[in-house]
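Per-chain numbering from 1; labels A, B, C and D assigned in written order.
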Amino acid sequence: MADEPKVVTGLGLAELHRILVRGRDLTEDLLGNITFTEMVLFELTGRIPTANQSRMIDALLVILVEHGMVASVVASRSTYHTAPEAIQGAVAAALLTAGSVHLGSSEYCAKMLVDALPADAKEGDLDKVAGEIVDKYAASKTRVAGIGHRTHAEGDPRAVRLFQIARETEVFGRYCDLLLRVSTLAGDRAGRPLPVNVTGAIGAIALDLGLPWQMAKAFALIGRTLGALAHIGEEIRNPMAQNIDAAIKARLVYEVDAPQ
Amino acid sequence: MADEPKVVTGLGLAELHRILVRGRDLTEDLLGNITFTEMVLFELTGRIPTANQSRMIDALLVILVEHGMVASVVASRSTYHTAPEAIQGAVAAALLTAGSVHLGSSEYCAKMLVDALPADAKEGDLDKVAGEIVDKYAASKTRVAGIGHRTHAEGDPRAVRLFQIARETEVFGRYCDLLLRVSTLAGDRAGRPLPVNVTGAIGAIALDLGLPWQMAKAFALIGRTLGALAHIGEEIRNPMAQNIDAAIKARLVYEVDAPQ
Amino acid sequence: MADEPKVVTGLGLAELHRILVRGRDLTEDLLGNITFTEMVLFELTGRIPTANQSRMIDALLVILVEHGMVASVVASRSTYHTAPEAIQGAVAAALLTAGSVHLGSSEYCAKMLVDALPADAKEGDLDKVAGEIVDKYAASKTRVAGIGHRTHAEGDPRAVRLFQIARETEVFGRYCDLLLRVSTLAGDRAGRPLPVNVTGAIGAIALDLGLPWQMAKAFALIGRTLGALAHIGEEIRNPMAQNIDAAIKARLVYEVDAPQ
Amino acid sequence: MADEPKVVTGLGLAELHRILVRGRDLTEDLLGNITFTEMVLFELTGRIPTANQSRMIDALLVILVEHGMVASVVASRSTYHTAPEAIQGAVAAALLTAGSVHLGSSEYCAKMLVDALPADAKEGDLDKVAGEIVDKYAASKTRVAGIGHRTHAEGDPRAVRLFQIARETEVFGRYCDLLLRVSTLAGDRAGRPLPVNVTGAIGAIALDLGLPWQMAKAFALIGRTLGALAHIGEEIRNPMAQNIDAAIKARLVYEVDAPQ
């Protein structure tokens, strides 16, 4: 019995008359005194952010909430339309689209940066580290994560703004610095600008906030939960699921192809 | 062509060089200036909350984030353990457990209140409305939503604290008032206390914030997204999925039953 | 220790060198000898179906697999497009749309039938039971589940075909019989045909196969899993996610509305 | 208008009075005449399988249905317990665990085989191709997908049985052959047996059935949908979700750790 594997957590404990969150009393201590934004860093790391850090986290949480009538919210609206009894399913549908193709580059960029410059590494020569990153990607002929943008060749205004806030709030640290150097160096070699894009900026800032690279998508997932809820709310006020179906149907072509 | 059904939204529009959120420029106007908590009400209703309302919303967002090693985060941890490439799936798994049994009573309670006292109804005699609610449930022999608690017969401390904050922030309005009267009246008739529970309080406060009843679970879904992320983060630091499996296996009994 | 709650299952047990399924050896006994269709009833009830029952189950599994470019597969395609690393998420997205609005009527119809005529009830006067059902719905002014169809006023050809197969396979039993009587009686009272629809037929046949009402959607969920996979496969061969986005965008109107 | 992107599908079309599936009438032509197993290959490829191929596909569909009280079905049971109104969410939860760690090796193994020996490649020297695969993995110091097993060092009985059925049904082709050669060669070099495991066998057989590598998990996802439904059905008959919670709680340790 002594050796049976324990189930250990340090996050929360629900007792009969109180709930502890990382050792603090939810009702007595946290509720009414902590903002949700503070709670984000507290839950994820055990640290209550400073006012400056909170402003940065707010920006990371807000930036990906709303993007208009895109595929993720279309999935939510359709799901709500056919399963209104389970709003949680409609929100989950929106989250499931948060995969590697767009948002994933936050994770990949953060991993790339932390692999090249581990959290416990002494401050090194960032230009040298940036060079190693660019060399490594060039050798494997893959695109560097977090830089370049199809539409915004000269700079994604959202990334520019995030870095501006990172500087104002003094969250801007060596990972942001490193990513900018990677961007400059890769652009020089490519002979065209390869500015940091919005998901790259999020990845670097997440690291400078002390998060592990796997949590780089955390802000987007929280933001997208809100975005999905807003679209479900609008779907309730002004249902569009059937018009969306009709829009697709209007361009539908049925062409039976040969067996594969 | 003129009559083709349009796909209308007022929430967001992604243009080439800017993103609009309910008519406002995301990068220029909102980012760096709006907190996530403000964004919640802005996305859901178009209104930027006052500081008082923000404090209330923070409490609603924070209260259901963390509950320890419960089924929803166990589902997230298992999902992450077998599908670490898709953290979004692990978060979605936690959301899918946000159904009718526990959290649903926020929705049902809010619907009950707004059905009895529509948003556009003049201020009425709240005791009379409360009586109608209690009569109606008694007639159908179903439990009134949002009151009573298995463990906290004398009052769920989380509900007490939420109403306290609702009063401090002056969000406390006629729906909170009505629910408290329903609770008192139903308790009087039952001959035992039937205090407002935490999901009931959330439902009433959501209505007093001007949200539709279907959005009463919105705060819990956002909070649970954060909670799932925190447990996934802890799972990465200190993997427990296999110990959880072992704990279940230790009590496993295989009993083949007769065909059904 | 003696009183600790056990975790009991009679479905499966994975031992070191074999896997048991409802007491039978997976590799030695089932694999190669049992069809998936037989496995469906065996897993759900412990009974291996007869050839006739298998033909019926095949029809129930096949009937809802494919419906063209509808919302559920659009959600799958979008999810795959942005998260190709996690095909399981794209399939899950399709399942999440399997809610109350269309498919749910299988469950509701089956529940209605079994509430009126419990599984252990003696064979009664089915016309009398049908009359009680119709009266009950009339009293609560709700539509009877499983009958009537917007498009197929004179009979959903899928329901007709399912009942035909049910008769050929001798699965047709008292629940199918009862639902047809309900349909006739309700139509007579309404003065217009209210034929059994496809989800109603599925619900009645599921009961006549001995399944509990909650499993009436099981066939649809299995079928939809296949349908989603087929659409993901086609999306890989001939990507349409961006054209779907474009179709929606072509009809997009951005109209910022007043705060709610 | 002429250039607007079309939304093309060859899978299904729902017309007013009939549904077409890959050009064939669902009600008139398929229903009652096609088994679900035949439908699997027909939907995925447009080909109706032979009786032999059907037997093989049945084995692939059945083999991963049931594994006892494992994490995926625990997630389903918990989800059903708290959200019984949405059985589709409980099934989706089980699918979300079908990620890279266990099942993924079907995909990776199939991709490895088809990358080394493209579908349109002439029959080559399979030993040479196997050598190239083993060399490539050795060079990158990663484990070859689809071979080796922690528990079954001398051969996973499920893989052995699948290959036996593949031979009996004459589905066994060059991809099965190639994987066995890879297994032998890698084992020789490692100095210990590295037998084909069950997910590897599934990947090779899927290719020999003519499926693309991305569909190698299709059988498991369909099977797991059934498995989840069976566990939900058992949860309804004999609820275990709370005992599962209790089993975890019995080993719970709350240890607040230092901030990260």
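Here are some notes:
Operating definition for what follows: contacts are C-beta pairs under 8 Å (C-beta built on N, C-alpha and C of every residue); 3 or more make two chains touch, one makes a residue touch a chain.
Please read these numbers as outputs of a predicted model, since none were measured by experiment.
Common neighbours of chain B and chain D, listed by label, are A, C.
For the pairs C-D and A-D, the larger set of C-beta contacts lies at C-D.
Each chain gets a centre from the mean of its Cα atoms; the one farthest from the centre of chain D is B. One finds 36 Å separating the Cα centroids of chain A and chain C. Centre-to-centre separation between chain A and chain D, using Cα means, comes to 30 Å.
Between chain C and chain D, the centres computed from C-alpha atoms are 23 Å apart. Among the residues of chain D, those in touch with two or more other chains are 4-10, 13, 20, 44, 68-70, 83, 85-86, 88-89, 92-93, 96-100, 212, 237, 243-244, 247-248, 250-252, 254, 260. Looking at the complex, you find that chain C touches chain D at residues 4-14, 16-21, 26-27, 30-32, 34-37, 39-40, 43-44, 54-55, 57-59, 61-63, 65-70, 84-89, 91-93, 95-100, 107, 151-152, 157-158, 161-162, 164-165, 168, 212, 214-215, 217-218, 221-223, 225-227, 229-234, 236-238, 240, 242-244, 246-247, 250.
Put simply, chain D touches chain A in their complex at residues 4-10, 13, 20, 22-23, 44-47, 83, 85-86, 88-89, 92, 210, 212, 248, 251-260.
In the complex of the two chains, the chain C residues touching chain A come out as 68-72, 74-75, 78-79, 81-86, 89-90, 92-93, 96-104, 237, 241, 243-245, 247-252, 254, 260.
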